[in-house]
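Two complexes are shown next, each including chain A; its partner changes from chain B in the first to chain C in the second.
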Partner chain A sequence: MQNRERRENAVLASPLVLFLVAILGFPVILSVIYGFSETSFTTLTSPKFNGLDNFRRVLADQDFWQAVSFSLRFGVICAVAQCVLGLFLAVYLAPLIRRHGWMVAILIIPMIVAPAMMGLMYRLVLHEFAGPIPYYMYALFGWSPSFLNAQNVFTTVVVAETLQWTPFAFLLFLTAYQSIPQDLREAAAVDGTRPWRMFRKIELPLMAPTLFVALFIRFIDGFRVFDNIYTLVGAGPGGATTSMSIYIYEAFLRQGDIGRALAAAILLFGSAFLLLALAQLFMRRAT
Partner chain B sequence: MTTRHLLGSAALIAFLAGTASAEVTVLGWPGGPEETALRAVADLYNARPDVAEENKVDLLFTSRDGFFDKLQVDLAAGSTAFDVNLIATYSIGRYAPFMEPITLSDEAGAVFGDTVLSTMQFGGQQYGVPTDLSLHFLYYRKDLIDALMADDAAKAKYADIAEQYLGERLEPKDPAEWTWQDFAANALYFSQSVNPDSPTRYGTVIQMKNLLFNMMVFHSWPRSYGANWMDDAGNITVDSPAYRTALEMAKMLYDAGATPPDSTSYEYAEANAAFTSGQVAAMIQWNAAAAELTAAQPATSTFAPPSGPDGRFTHIHGLGLGLNAAAENKDGAIAFLQWLSTSEAALAYARAGGAPGLASETVAALAAERPDLVQVGEYASTYGFVMNGGTSENALSVYEAQAKEFTGYWAGTQDLDTTMANITATMTDLLK
Partner chain C sequence: MKRLGTTTRWIVFAIAAFVMNFPVLATLITAFKAPGEVTRNPSLWIEQPTLENFAAVLTVSDRLNIYHYLWNSLAAATIGAVLPIALCFPIAWAMARRGTGRGVLFPLVVNLRAVPLIIFAIPLYMMYSALGLLDTRFGLGLILAVVNLPLALMLLVNAVSEIPLELEEAARMDGARLPRILTRIVLPLCRPAFVTTFVFGFITAWNEFLFGLMLTTQNAVPVTVGASFFFATSGGGVQWGMAAAVMIVAALPPLALGLIMYRRISWSMVTGAVKG
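For the complex of A and B:
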């Protein structure tokens, strides 16, 4: 009986598995082949195996390490900023949202905008001669900061990313905060626990797993950032805003160096996989 | 009944397939005046009595986004979806392995001139018919320059500023006589960071974003000081006093606040927005911006970019149409391309809104209808240049690499020696 059920499950799952193999498997296999070959657009059908040469070139490339550094800094800073802000908003606004649930819809509006559109929007909004922010700063103070020069561009893209994705963290924390049993709070209050202590000793520990998941998701999203930065400032002056994804895109399509691009993509995939495994291990131990 | 239906369907499919493969399919540049003009000449060609039914032209357009990348993949895959395809000066080398050289009509030399024809050449062979030409103008506010030249106190201040920043006292001049030193002096004078009394916030706007097209706008500057990508022996010559001078001058203007501080994120649209706001006195920009800039600032005049010790130059590149090596109807495609290089086709293309670079004798017939083409044709034939290696397989990658290195220097993230060492190494690898 069990065998029959297992066979039926396998049969029912097979279309999905075949679909995934066709859609994901083929490009992955091709990427691995090209990653270990000398390939350009002129030799797509006849890649020449060159062992680890592409990986050696990537690892010796100063631009690659600059992109890794940018992605790590961007991912960590954005994840922390979004989670801190999201947590604050969730806790601070929770009583208000309990009475006016529709406010959540307004707060998550930035998440609905496509990241590429967000980049284009900031490109317009921050433009010295066409954007409203510099316009009003000149009108009020006779001066406006340079938002996109080499010194400020990192801060600008971090702020733009944080403004767009804080609502995601907020939503997670709000759900976690609202799911804490009310009895616990009432019991603590009866015992004379003050709000700040209640937050630190009761609510925050109960929200810790959600906090960890949010940090992890936001870090991964920040680390692989591409569209909003690319549409806002491109690779940046001297490659100052080149993330890992932008590095791979430029190597592949702009420089036609397919082997190097895919070697970098494999390294990115490998490191993300390792990170995911470590995160799972950490979570398992924590719970 | 069923058999008759089947036979009928088979005959219809065979007819359609036969028709489709016999036509000349042309993959053109979608949207804008190029598409309108190509449609007009295709109609004209198809109406000719000597064009056989199986050689009539059918047009194919895709999105502009990633057009050249998609075209490269199509050509490399041996696509037969088109017989004739678009090419651009800076990407001919990439496509050449999948295309065939062509022979133009006998009158092509007289219609376009040698400089414009060279924008469609690679390895000494002609790969396309030039259809649209892009080059650069110096756009300047004539009202501001006239006021400056009529004011002795302003002239004295201009000379003081020139001496302070450029090491020599310069007099304001008519922009038609400008050298790059004059361009820089003018940019400094009309910048409020240098001259608080300036009527404009910035004297110029330089497009310094890490973007390959910005390097095309920039490189008329080093060229006028004698720069080239490589010499005749194939040695990379980018690390030259000419490139260093132009790069240093641009950085000096950026550091002095003569171009907006966000210039390192500016490309075509941002630069145009700055100029049309009325807060910029002069700029180098593509000829395609003429209508937009002069409409917003009616006192705007144009001339060729300033001159240097080696003369006056403007980068030129063209769009054109060439022959796909995998074309199914090669004879028909060649016949169309040869006709496209005649004066009849070139004039029809221009009248329909295209921007071909035409020799002075040819463009004279259009002087009343398209005065802008007269200036484009004159500047292209007199000042136009293509860097040695500018049509090679990796020309686009060279521009990409320059964009990264030069913008890094301008933004202050690396010094000039590092910049020149990096770009020399990269270009040596790309152009070997």
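For the complex of A and C:
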């Protein structure tokens, strides 16, 4: 009996496991081999082992550290902005949404549009001759900043990312808010608790786990950002918007430096893994 | 007092909806402007609405064949949405009922959600070029399936554990073996979960950009990447009206699906986030 169950389980697991081994197992092995070797596109079949050379080159590269700094700042600022806005919208609009469910559909549209498309759309919207935003800036203030120059581009991409993904945080908070038992609020209201105090003392603590999850997911997604920045400005003026993902992409396809790209990718994977492990440890402690 | 609060809420909603959807709205409006009007009048008001841009985009020319890109996206996204369901369904049952793979396999797959995709893109590029899978819809579909695995597994484990155990036990009493139980009882009851997983996976796969950019060059280019070519190749002057129409056409399939099924979409996003 025991044996049969074990056999059955192996059969049930095999499609997924085999698929993972085939499509992710080989790449992992390849990454390790080439990450520690000297290769280019012309010498792909004969990688020459060179130890930690690639890693040394990555760590000595100033552009790499600029990309690390960009990704960290971008991830943190976007995550906080999205969670603050999303929390506000969810709590403030919840009474309306209870009666008009369709409002949710309108607010989640940005999430259903491909980030790459969103980046292209911002190119149009911000364009100095064809874009409505500069047009209205001129009409109203007689002046418009150039949104994509070295000075402003960071703010621009942060705002673009935040406006697209605030709906995600909003959705999480809305669900958490709606699942707070109604009688808890009623009991507090009977005791004469004012709305703001109710939010701070009762609702917010109950939503704290969601807040943490939302912050973490939004940080990770901001940290690994590629699509929308790439289609809007690419690496940016002077590499101003080179995220970790864009750095690796450029090293690989533009500069053909496979070893350095893979070493950077392995470092990125390591840091993502570490963050994930820390977050999960923290979650387990908290609950 | 109460009325005033409601009005302010409506205003906040209108502002939020307008600001967050502004790029989509502005693109939609631009798509209906005549080529000459776009730069002369960048406002949100159309002087002479026209379907010219859509007609141009939907006509095959040597510069642009949108049907080719749409077909590539459709094929790759379908593979990317169906394959995870097929791969995850059997093990999802074992995980929900027997706790199989809960220790390693489940967290491994679920955590893929947080891994930067670029990490896989480079070695996959090398593997695909060795296997002849570069620039094929099948190859692109395979990797899109990986992107969708985490959510598929979570949603399906969730779905199986909500099926009453009595149904399976009754069938077992009647002498039904596992394959029969899975196909005759569990599978039909999971159908709603399949639909949700498929729709969500299809939208995600359709919207994916990085793998399309790196693993395709011509034959299998998906529409997200094709639209960006359109910006790059039109040289000095981008034809904004046409570019806008391309983006609307490219964004329409996921938008239509998403708006029709927004309840399921939002529910599955929340499930995916909270369970992960």
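Assume the second predicted complex is superposed on the first by the 286 of 287 C-alpha atoms of A that agree within 3 Å, B and C clash if a C-alpha of one lies under 4 Å from a C-alpha of the other, contacts with A are read in each partner's own complex, and residues count from 1 in each chain.
Going forward, a contact is a pair of C-beta atoms (placed from the backbone, for glycine too) under 8 Å apart; a residue touches a chain by one contact, two chains touch by 3 or more.
For clarity, every value in this text was computed on a predicted model and none was experimentally measured.
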Chain B versus chain C as contact partner of A:167, first or second or both or neither: second
Between chain B and chain C, more extensive residue contact with chain A: C
Contacts of A:37 with chain B and chain C, given as first, second, both or neither: neither
Which superposed partner A:253 touches (first chain B, second chain C, both, neither): both
Touching partner for A:262 - first (chain B), second (chain C), both, neither: second
Partner chain(s) touched by A:226 [first = chain B, second = chain C, both, neither]: second
Which of chain B and chain C A:110 touches, first, second, both or neither: second
Which superposed partner A:54 touches (first chain B, second chain C, both, neither): neither
Touching partner for A:129 - first (chain B), second (chain C), both, neither: both
Partner chain(s) touched by A:9 [first = chain B, second = chain C, both, neither]: second
Residues of chain A at both interfaces, chain B in one complex, chain C in the other: 44, 123, 127, 129-130, 253
Complex interface listing, chain C residues touching chain A: 6, 9-10, 12-13, 16-17, 19-24, 26-27, 29-30, 38-39, 42-44, 83, 86-88, 90-91, 93-94, 98, 100-101, 105, 108-109, 111, 114-127, 142-143, 145-146, 149, 153, 178, 203, 206-210, 213-214, 224-225, 227-228, 231, 238, 240, 243-244, 247, 250-251, 254-255, 258-259, 262-263, 265-266, 269-270, 273-274, 276
Touch list for chain A against partner chain B, complex: 41-42, 44-45, 63, 123, 126-130, 146-150, 153, 232-240, 250, 253-256
Chain B to chain A touching residues, read off their complex: 66, 69, 72-73, 76-77, 94, 97-98, 208-212, 260-262, 264-265, 270, 273-274, 276-277, 279, 394, 396-397, 400, 404-405, 407-414
Partner chain C, residues of chain A touching it in the complex: 5, 8-9, 11-13, 15-17, 19-20, 23-24, 26-28, 30-31, 34, 44, 89, 92-93, 95-96, 101, 103-118, 120-125, 127, 129-132, 134-136, 139, 160, 163-164, 166-168, 171-172, 175, 210, 213-214, 217, 220, 223-224, 226-227, 230-231, 244-245, 248-249, 252-253, 258, 261-262, 265-266, 268-269, 272, 275-276
